[in-house]
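The first chain written gets the first letter, and so on, giving A, B, C, D and E; residue counts start at 1 in each chain.
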Amino acid sequence: ENPVLKIGFVGVTSGPAAAWGISNQRSMETRAAWINETGGYEIGGVTYDIEIVSFDDQKDPKRAIAGMEKMAQEGIHYVVGPNVDDGAAAVRPVAEANDIMYFPYAFPRELYSAPASNAVLSMIANYQSGPAIYKHLMENEGVKTVAFIAANESDPLSQRDSGVAAAKELGLEVVSDNVTYQVDTTDFTPVLTPILRTRPDLLVLSGVSPANAPQLIRSARELGFEGLISTETAQDAGVLAEGAGDLANGFISVGGASTPELASPMMNEFVERYTAMFGEYNDESNTKVYALEYILETLKATPEAIEDVAAFQASMDDFSAPNPYMNGDEQLTYVGMTSFGQKRQIAVPLVVNVYQDGAFETMFIARVD
Amino acid sequence: MEQVMANGVYLGSQYAMIALGLTLIFALMNVLNFAHGQMYVIGGFVTYTFYGQWGVPFVLALFMSCMTLAIIGALIERYLFAPVIKGSAREESTMLLAAGIAFLLDALILLIFGEKQRGVPKIVDGVFNWDFRLIMPYDRILICVLAILSIVAFIALMQYSKTGRALRALAQDRTAAQLMGVNVDRYSMIGFALGAMLAGLVGGLLVTITGVNLGMGGPTSIKAFMMVMIGGAGVISGAIWGGFILGFMEAFGLAYLSQYGDITYLLIFVSLMIFLAIRPQGLMGKPWG
Amino acid sequence: MTAMLDFKDVELYYDHVYALKGVSLTVNKGETIALIGANGAGKSSILRAITGLAKPAKGSVSFEGERVDGTDPSDIVKRGIAMVPEGRRVFPYMSVKDNLMMGAFTRSDKSEIQDTLDSILTRFPRLKERYSQASGTLSGGEQQMMVIGRALMAKPKLLLLDEPSLGIAPKLVQDIARSIVAINRDEGVSVLLVEQNSRMALSISHRAYAMATGNVVIEGNSKDLLHDDRIKAAYLGGEV
Amino acid sequence: MSALLQVKDVTKKYGGLIANNAISFDVAENEILSVIGPNGAGKSTLFKMISSFTPTSSGEVLYRGERISNLKPHIVARKGVVRTFQETTIFKSMTVRESVVVAQHLRAKASLAGYFWGSKVAHDDITAFEKYADELLEFLGMSEISAEQASNLPQGSLRALGIAIGLATDPKVLLLDEPFAGMNHDETMRMVDLVRSVRDERGVTVMLVEHDMPAVMTISDRIVVLNFGEKIAEGTPSEIQNNEKVIEAYLGSADDEIGM
Amino acid sequence: MNFSKIQILGVLVFLAVVFVGVPVFIAATGRWDFYFTLTSVALLAIASAGVWLTFYIGRINIGQGAFALVGAYVSAILVVKAGWSFWISLPAAGLFAALVAVLIGLPILRLRGVYFAMITLVLTQVATLTALALPITNGAKGITNIPLPGGISIFGITLIPDFSTLENARMAFYFTAIILMIITYAALYRLVNSRLGHLCRSMQQNEELASSIGVNITYIRILIFAISSFFGGVGGAMFGSISQSVYPATFVVKDSVDFMLNCFLGGLGYVFGPMLGTLVLYFGWDLLFEFGKYQMLIYATLLILIIRFLPNGLLSLRFGKGGGK
């Protein structure tokens, strides 16, 4: 029997935002099962079985702290999550006190900038992807005016604000930036009507949850909106197909790397295994397969980091390994110098997708430094 | 303006239906059913499963979701609420129970239907567009009409049928109803089932437009509470008023206050508080007793 | 002749407090029976035990030869027992009409119900005047008439009345007493009347039972009891 | 005999309904005054206005020359005008004794904070309250049920408890709304004696609403009769008993025999 | 007020358990995570005590989350923006929450029954939305990087050490929270058993009758609501300090509902009910962690079973009358 290496997950797997955490948890569990099935993961000459210990924080920062404490208790040093800003901020003291590196899906800059040391942003922040997308659309689609809409919650609002700033920076005219909606809105017509009156070329759904995206798209199209719609969060094609059908065609979002032209055989196998294990795939997991892979690869490169978080941090600056999920010679590296002044972000390729008839197509790929 | 009015009617009709079920259960058992929103979500998922996944005709799927909820409601009343009401020193204990049931249903929904947002194919295509002054997709118009018809049917049931009369009597005085020959245990169950069924019906209707996901339950309950408060707890006409008032407030607020950002709901909440401070029993609430 | 209602050796308690300690009484067809007694003696408890609102711990309640104790109140009501409970208990949001119609809940023949309704409205013309008013806004006396009418709507064989004169103006008390007599005489409804107004109760009943703390202490012919010294002392007082 | 309480042109309107129309009368110190009238005549409404449980639509009520209408109920209670309720209104899950102890809170000498910290004064207060509660219950003949939970009491004892609570506040004027309802003759007469001795021994002025005519006629010094919100008569019991208007509207003819 | 021997014994046992038993147990088993769990229990129990108190005047309060949030923000703002010591900001947070309660209580305390319950539920949302909308709260971005509580020393004697210098801040927070909780419950116990408590009880059972015997119900309602919110504010402030951050969603509707559930579960008839309820509900969830995705299902099922069979709260299963805890 192999010794066990435990990797933690603290995030939201129940309640309204369950989709975010569950896609994380499942992608980790799929990958762990796969590794264990094929004999384990070798680090420093020892082959480990990987065990995922996950904790449902119910999107409650109090619970998130308890979860992080639990991880410390289990002797875990590498944790994926939390999924939202407040949870990620709340666990910081615990993580730092207990030598835990954690990989949130949340964007507050201070989590990743010095003196903070233990958080690693595990996706592309919208203040990174946003500008890239807007720029692309300005250049290729002639977009000149943009409107933002966000749910009235911390994460989406913060994302909207940074999106607005980025758009202005690029010289776009922001025609509406203060319309918000409650996450439980069931009818978006009244919400969208005033914003569409400003006739933007591009409508940005800031930090939109997979549940709200199809409804927003559908309502906007039914109200006669003909411009572009985009978001900077990951979405699931199936959900879009069910919720908005053809109306979602042309919808731009950020994804991982499972579009046919990018996905490596390994990615395809991952999707297969995931589907076999959980009955249904979720495209959000494309972006969520990476954190675990980064942790394992980094440990492989620096075996002493299994117990020594400082070693992990030290190795981050020049860590590099091939990206197994993408075709070509993409590399896994840590980035973040521009945004945070230190390398505290995983270098997931910024893949911008367009939804078309039930699947995503790649629009363009960019990189973050 | 036309658009705002239309939005108000549309929102109001669906809200009123949600509030009706809640108020019915409250009137009958003095139970503030925290799980009402979850019941609504289950209605959506059942309709999704039958209509969206298995291709059963929509009307049949709707019927199935009504039945499912009626059964769930009946079971919950029979095996949980009724004994707890009998055994507890304070009526309020039912709140704890209702919250527990809300948690349980949430957990079941997650396990059975999963975490994803679900939607079904449109029941009718096309958008009614009157010169861009009034835009309303046909399926919304249909749902709105169906909702209003259901409300009318429900009122007729409560006013003119024997069951309705028994339920109303039960709500006003249990013992007296018993003395009229109403089997209160049975009718409480029927009433609860009916309330739950209403939730299932709205869930089923709305899934065609908004889709459904497991997070919609809690917030829906809270909205329903607000409507019930506006109209007066336990009063049917109150629920309907409350639903439409909230619907119109949202429609107007969102249309005219949007440039101020996040304040529509804040304003709705604050005006609700002011309103209740002036009229503590809501619009139609009990003047006596 | 066997009794219409046979209430036998009934013991009843609430939360370990005895309310009835083995009470027996009977009501024959066509009789008006008065039940008088001090506060907390257990009069209401007897009525509650008859209609099944309270479950006796011991003893039996039979109606027309069949045991009814232990069955649901709604079944007992269906057999032909109607009760006007303590404190009237109107359905306050329902109109007078709907209240009366609730009384006929166990019946289904529409035209017969209509006949009963007509006869009640003739008996209590005041109710006709207030026909569609919400009953919560009626005065106490009107409410009392309405609930008696409501009980009659069930076309009961046995009518149980719990303190119908409570809080009612003297003039109306007389009206109500008259109605009770008439209901018994004209429609052959047997009546079991619980009253604090003992004089009134004894003067309109055939037989009477007097209770004290969970027991029947005196029973007999009402006429006789009106002149019984024990009764006079305890329940009637000297003059009026 | 100067008026302790003056009801001056008091009117109450509920929407279109006039529950009390310009009612005026005086109540003398140490008097027992009954208000009678048909159901819905406005008796309880009048009591509610005197105790400031509801504001008057017009007119005012004076107590020792000072206006007490349209204030807060607790302020009027503090001045010494205390009501009981027509419905059985009690503290359900307190025992009889606890209810009577709580009701004495107006006599408290220590402040709330004093009680919190457990000052000496507070301690003495409590001892005094408990002692007085026992006395009062003894006086009312309720000692036996003093440990009963209020919600388990039968009708009649409930009314008695209502009166006990009212008395415990040490009122100057006590307004009793149908205090004898649900009592039989014997009990009623005992209560009548009691109310009298409350007046005699404690100098409490009593106003009461009652439908029990024998009791009213025995107990009252004077009677005010209301009908449809109007005052139709005022006088001594014997005057009222023989007043045609009152017989017509309220009493009914006593000789109208109803028998089997 | 005289305490029976059993009560005093109960209190002593309780103190021994929380101050000695728990640390020893944790040191022995190495379950350091229990410190945070128990700290949370203590803090949430403080807030729940407030909810329980409002129930004592017959109001079901589902708005405590709002006051906890207010407290958390006030303390955070005072510490971060005004540079106050945390220890002064703590009572300030409570007082501010109480002040807000007075303002809001004036209109809404007139409501009764479900109306009050529902309006307070809405209040929690109002608090969240307000926090999102105001500049001083930093809107959606929240307040982060709140420093740990500093030390207090008088004449060179350290009364409270600077938390950031501590080896184990967890334990320091635990003791702080426990002490606050004990003070809260001692005060609550006194209050309930003093005249104010009796007046509350009279109001709980019948407000009309209470005012007829001269109780100034408006004043007492407000006073109680303010005290209740003070507890909420203190609990919230302390919590913000532990997580060193406050966001609009730090306390949400679900928290308000949880506070209420804690009270119900423990038993509304018992002063120490909310404490027990909080322990069982919060700790229970944690212990069910092993069940993974069935955690919620099992939790809810157990909750329902408890209510089904002990509808009057856990403490209705009393082990001997009057035990201190």
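Methods note: a residue touches a chain if its C-beta (ideal position, glycine included) is under 8 Å from a C-beta of that chain, and two chains touch if they have at least 3 such contacts.
Protein identities per chain, from UniProt: C = Branched-chain amino acid ABC transporter, ATP-binding protein; D = High-affinitiy branched-chain amino acid transport ATP-binding protein; E = Branched-chain amino acid ABC transporter, permease protein.
Since this is a predicted model, take the numbers as computed values, not measurements.
Chains that touch both chain B and chain D are the following: C, E. Touching chain D and chain E at once is no chain at all.
Of all chains, the one whose Cα centroid sits at the greatest distance from that of chain D is A.
Set side by side, the interfaces B-E and C-D show unequal numbers of C-beta pairs in contact, with more at B-E.
With centres defined as mean CA coordinates, chain E is found 35 Å away from chain A. Here the CA centre of chain A is 72 Å from the CA centre of chain D. Residue numbers of chain E whose C-beta contacts span two or more other chains: 129, 132, 254, 293, 296. Annotation, chain-chain contacts: A-B, A-E, B-C, B-E, C-D, D-E (touch as defined at the top). Against chain E, the residues of chain D that register as touching in their complex are 51, 53, 72-75, 77-78, 82-85, 89-94, 98-99, 101-103, 105-106, 108, 110, 112, 115-118, 122, 125, 165-166, 168-169.
Residues 1, 190-191, 194-196, 198-199, 201-202, 205-206, 208-209, 211-218 of chain E are the ones touching chain D in the complex. Against chain A, in their complex, chain E makes its touches with residues 30-33, 35-37, 40, 44, 129, 132, 139-142, 144-145, 148, 169-170, 239, 242-245, 247-250, 252, 254-255, 285-286, 289, 292-293, 295-296. Chain B makes touch with chain A in their complex at residues 3-4, 7, 10-11, 14, 52, 106-107, 110, 114-122, 127, 129, 132, 135-137, 206, 209-211, 213-216, 218-220, 223, 250-251, 254-255, 258-262, 265.
The touching residues of chain D, counted against chain C in their complex, run 37-40, 86, 152-157, 178, 181-187, 189, 211, 213-214, 249-252, 254, 256, 258-260.
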